[in-house]
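A short write-up of the structure that comes next.
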Amino acid sequence: KEEKKETAAVDTLAKIQKDGEFLIGTEGTYPPFTFHDEKGKLTGFDVEIAEEIAKRMKVKAVFKETQWDAMFAGLDAKRFDMVANQVGIREDRQKKYDFSKPYISSSAVLVIPADKDKPATFEEIKGLKAAQSLTSNYGEMAKKNGAEIVGVEGFNQAVELLSSGRVDLTINDRLSVLNYLQTKKDAKIKIADTEDNAAESGLLFRKGSDTLVKEVNKHLDDMMKDGTYEKISTKWFGEDVRSK
Amino acid sequence: MINVKHLQKSFGNNTVLRDISATVEKGEVVVIIGPSGSGKTTFLRCLNVLETPDGGSIRIGEEEVQFSQKITKRDIARLRTQTGMVFQHHNLFPHFTALENVMEGLITVQKQNREEARRKAESYLHKVGLADKMNLYPFQLSGGQQQRVGIARALALEPKVMLFDEPTSALDPELVQEVLKVMRELAQEGMTMVVVTHEMKFARHIASRVIFMDGGVIVEEGAPADVLETPQEERTKRFLSLIQ
Amino acid sequence: MYAVSNTVFTPEKLSLWVEISKASFMPMLEGALYHTIPLTLISFVFGLILATGTALARLSNSSLLRWIARGYVSIIRGTPLLVQLFIIFYGLPSVGVTIDPFPAAIIGFSLSVGAYASEIIRASILSIPKGQWEAAYTIGMTYRQALQRIILPQAGRVSVPPLSNTFISLVKDTSLASLILVTEMFRKAQEIASMNYEFLIVYSLAGLIYWIICFVLSIVQQRLEKRMERYVS
Amino acid sequence: MYAVSNTVFTPEKLSLWVEISKASFMPMLEGALYHTIPLTLISFVFGLILATGTALARLSNSSLLRWIARGYVSIIRGTPLLVQLFIIFYGLPSVGVTIDPFPAAIIGFSLSVGAYASEIIRASILSIPKGQWEAAYTIGMTYRQALQRIILPQAGRVSVPPLSNTFISLVKDTSLASLILVTEMFRKAQEIASMNYEFLIVYSLAGLIYWIICFVLSIVQQRLEKRMERYVS
Amino acid sequence: MINVKHLQKSFGNNTVLRDISATVEKGEVVVIIGPSGSGKTTFLRCLNVLETPDGGSIRIGEEEVQFSQKITKRDIARLRTQTGMVFQHHNLFPHFTALENVMEGLITVQKQNREEARRKAESYLHKVGLADKMNLYPFQLSGGQQQRVGIARALALEPKVMLFDEPTSALDPELVQEVLKVMRELAQEGMTMVVVTHEMKFARHIASRVIFMDGGVIVEEGAPADVLETPQEERTKRFLSLIQ
């Protein structure tokens, strides 16, 4: 009991190195960032980035999959050491958590039903119904442009609502929309407008994981320099999505 | 008043009534005795069409039903209004007071108005000696009082014939008399009655006729003095020796 | 299997709890009053009507009716409510039927209550002694009259305790309505937590509110039971 | 309230259903066999033991025991299972108790079954005529012997139908285990659906599998009931 | 054999037994009669400690318990082994066969081995005339047979005294005799018995003594001929006139 108390007091990085395991929380249901392929294997951009970091730290990446809300609770409860799930770097989050340096930036796109041509631009969404997830930055954007927000669990539900004509639009992450359009050939949605003003995401840590954040940032820098990042990025998106 | 011809009733393979024929004149009190399982209850229930006979016919008052052909709900209803039934276990409606129990048939079935029904119900409860218990619920009454409410409930509908199925056999011995007293008075007023009972005193002194049933047939019938004191049949003798 | 860490409750943590509770109590209560409770009550009433019909169908002489009722109960009880709501809200549009969130939720929950409660009502009807039917018939009542005046009032009393279970489950199940865009209480909790990231605290608070609702309900139930029991010793 | 659109079932859609069902059936079945079913069975067994203890506590003479049992039942039934699992898995670590996912799920579901089933078992014990206790006492049995040999075997029979409801609910409730990192069947469904975006199809399929499990269970229940009823007419 | 002194029992405000004292000698058959609610059942239940008296003392065989002081489970057990009880409603264990019902006490309470218990149980079932029904469940037996199994179950434990509470009052009239016959044989073998019954014939011919109770006191007791034919007390006369 005494010994365990001691180890708990030690910082997260030391614990990871001692155990040889890096516990990473992720949703596992958010393609192409973190999802299961046809064989059921967990994969995706975030997963591979996290795996690469773990490799460079010479520890094993152990992924823990759960829902969005449980992901945060799990980080708080020290069930995991890090979250890799396209968590947008936002001020309110920074108050409670530490972020790595941004490892991806993506643009926002305006998505509308395929058989409509309104709204065509972000300016036209005023007064319309936008399906937005509680947890993303895009809801703020929609609100700022005067749309009426319909709260949803995630992108998939937003698409269902769009397809069934219950809402007029959703603003979402360009990369995941592109993945959707690629996967689902009979998609009933389309991209109407793109906002280049990009949002950045980072890996998420408990407050006080300074040494771990520093370590992860170092490996991220290395990856971006030696071409590993570009390789992973191109594999998933056909382009380099690093934050400029 | 009652005319039963070739009545038959089976439950599955078990033939309970085999070709019963019997007549009851207006004002007669017929007591049916017989061992357990001999079909006494089933016979009464057939008179009331709580069981549908398989064959034969029943005439009560002016109404006649042939059971060899298909019978309708209307036939059953016709026959049923002719009789009132009192069960071994009172079967009062537990959620109604004594008064409401008696009024229920008058209001719901005979569509009398509440005031009229109440007056009539009160007079019948008075008749069975329960003027002071009218507003009690069944569970607040003793077994003998419950039985008497049951009698009043049946009487209030002014049936041509009253059927009693062991009305005292579930009662404590000293409560038996109060129920028999009411039945005796009814008989003296000229009510036509068919009574299944093991009260030999009642049979001896009140019955105009006694029927001994066994194995689904009428084994012997006649004046009480004859059947009870000098039975002709072996089976009657054996049964009487057992219960006396 | 479990490890003991040194993170325990501190005064700061406690004050955090208090602060967050204060901030989130009102919005959640609002969610409860405007959505959770109406949704529960309306669905329960419709569900009970449906349940009574289903119970009577299962007890009827028509084998067609019996089979329909059995199938309905089996499907609803055998599949998760989540899936049912999903199909009603996201599935039906593809066959041309689009229903608004609140009515869709009412339909979903009523169907669910209808199935679960029908078994309870059926059992209570069966628990009424056969003699009650017979007594009703002997005084000349029809099936319908016997049912309405004699059997259902008594069956109602018998089914209050098990139905209150169904009701309490329903209160909590309404949290699934957020899936089809009804902003009930648990949705509010999620919204609040997604802003302050204190999921544990906010959810616990939601649990507390549910518990209070259920507690009040159980008191109502006891009253009801007592009132209905006035005629049994 | 609802609108009719022109999107209806087409042959292509049907073949899509078939294809997706084929691809996702095996993984989901795996999830069911390796997680959903064991989780259900183990929790149910522990839950029943807990429930029997709780029922006896609620019927005991000690008012302390009675209050503990009442409190436990009230809290568990009055709050959503989701919140309970959340607290067990993400809340307890902050007071120094960290439990692995599978055992945590077992604890959560057992506590839940324990509370719901305790009411059922209590009612069944109460439904056994007092004369059975007295007959047992007159032949010299102790409370414990009477309970074990006479009362519980009979109460068991009475409680099979309502307990099977609890069991069926449990099967479906285990889907919440994904929240605390147990990859049960519904989690598999979510994984598959998030990859191919065919939520409606995949969830319906999951519903079908649940329904099959429940259907099989209800057959088992009927068998069990029949076997236990051999001694009543 | 039995010595009861100043026995008192109330349920709340309702005093059911007021200072009952009575003695039963070895081999005596005492019949208790009295109106419903007079406390007959309560008296028997006190002898068996199914109800704990509020005061007084009971001695049965060598065991004596004072109820004015605090009694223990052990006291109850001591007294209980002295008596066997037969109820109005048989209270057989429905999940056991007739044989198992009789064996249960031998095995679970007296810890006899199964073979021995079976032999003993069989011999007692034989004694009550049920050698051919041993493997039937209670629901497969008639009321009279069920009562006889109940008697065998009590006898098998070899009590010093047998207590009967209206053992025939729930039976069909022609089944009464088979139970009375078994009781008569027991009496003739010298068993000490206390019997609450309304069977006046049994009281007259078998009882060594009759006790008439009313309102929680013993109103009159003595030889059957005296109490039943020439009662001294008004209350006794009234009761006897009601039930005969």
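What to note about this one:
Note that the chains take the letters A, B, C, D and E in the order they are written out, and that residue 1 is the start of every chain.
The rule is short, and it goes like this: a residue touches a chain if its C-beta (ideal position, glycine included) is under 8 Å from a C-beta of that chain, and two chains touch if they have at least 3 such contacts.
Since this is a predicted model, take the numbers as computed values, not measurements.
Listed by label, the chains touching chain D and chain E alike form an empty list.
Counting only chains that touch, the fewest steps needed to get from chain C to chain E is 2. By C-beta pair count, the most extensively touching chains are C-D.
The most distant chain from chain E is A, comparing centres defined as mean Cα coordinates.
Centroid to centroid, with C-alpha atoms defining each point, chain B and chain C lie 47 Å apart.
Rounded to a whole number, the gap between the C-alpha centres of chain A and chain E is 81 angstrom.
Averaged C-alpha coordinates put the centre of chain C at 17 Å from the centre of chain D. Chain A and chain B have centres, each the mean of its CA atoms, that are 82 Å apart.
The set of chain C residues touching two or more other chains comprises 3-7, 90, 93-94, 98, 199-200, 203.
Shown for chain A are the residues in touch with two or more other chains, namely 70, 73, 76-78, 160, 165. Shown for chain E are the residues that touch two or more other chains, of which there are none. Of all possible chain pairs, those that touch are A-C, A-D, B-C, B-E, C-D, D-E.
Within the complex, the chain B residues that touch chain E are 35-36, 142, 172-177, 198, 239, 242-243.
On the chain D side of its complex with chain C, the touching residues are 1-9, 74-75, 77-84, 86-87, 90-91, 93-100, 103, 116, 119, 123, 161-162, 165, 168, 172, 175, 186, 199-200, 203-204, 206-208, 210-211, 213-215, 218.
Against chain D, the residues of chain A that register as touching in their complex are 28-31, 35-38, 40, 64-67, 70, 73-74, 76-79, 156, 159-160, 165, 180, 183-184. On the side of chain E, the complex with chain D involves touching residues 48, 50, 73, 77, 80-81, 83-85, 87, 89, 91-96, 104-105, 108-110, 137-140, 153-154, 157. Against chain A, the residues of chain D that register as touching in their complex are 5, 23, 27, 86, 89-91, 93-94, 98, 178-181, 183, 187-188, 190-200.
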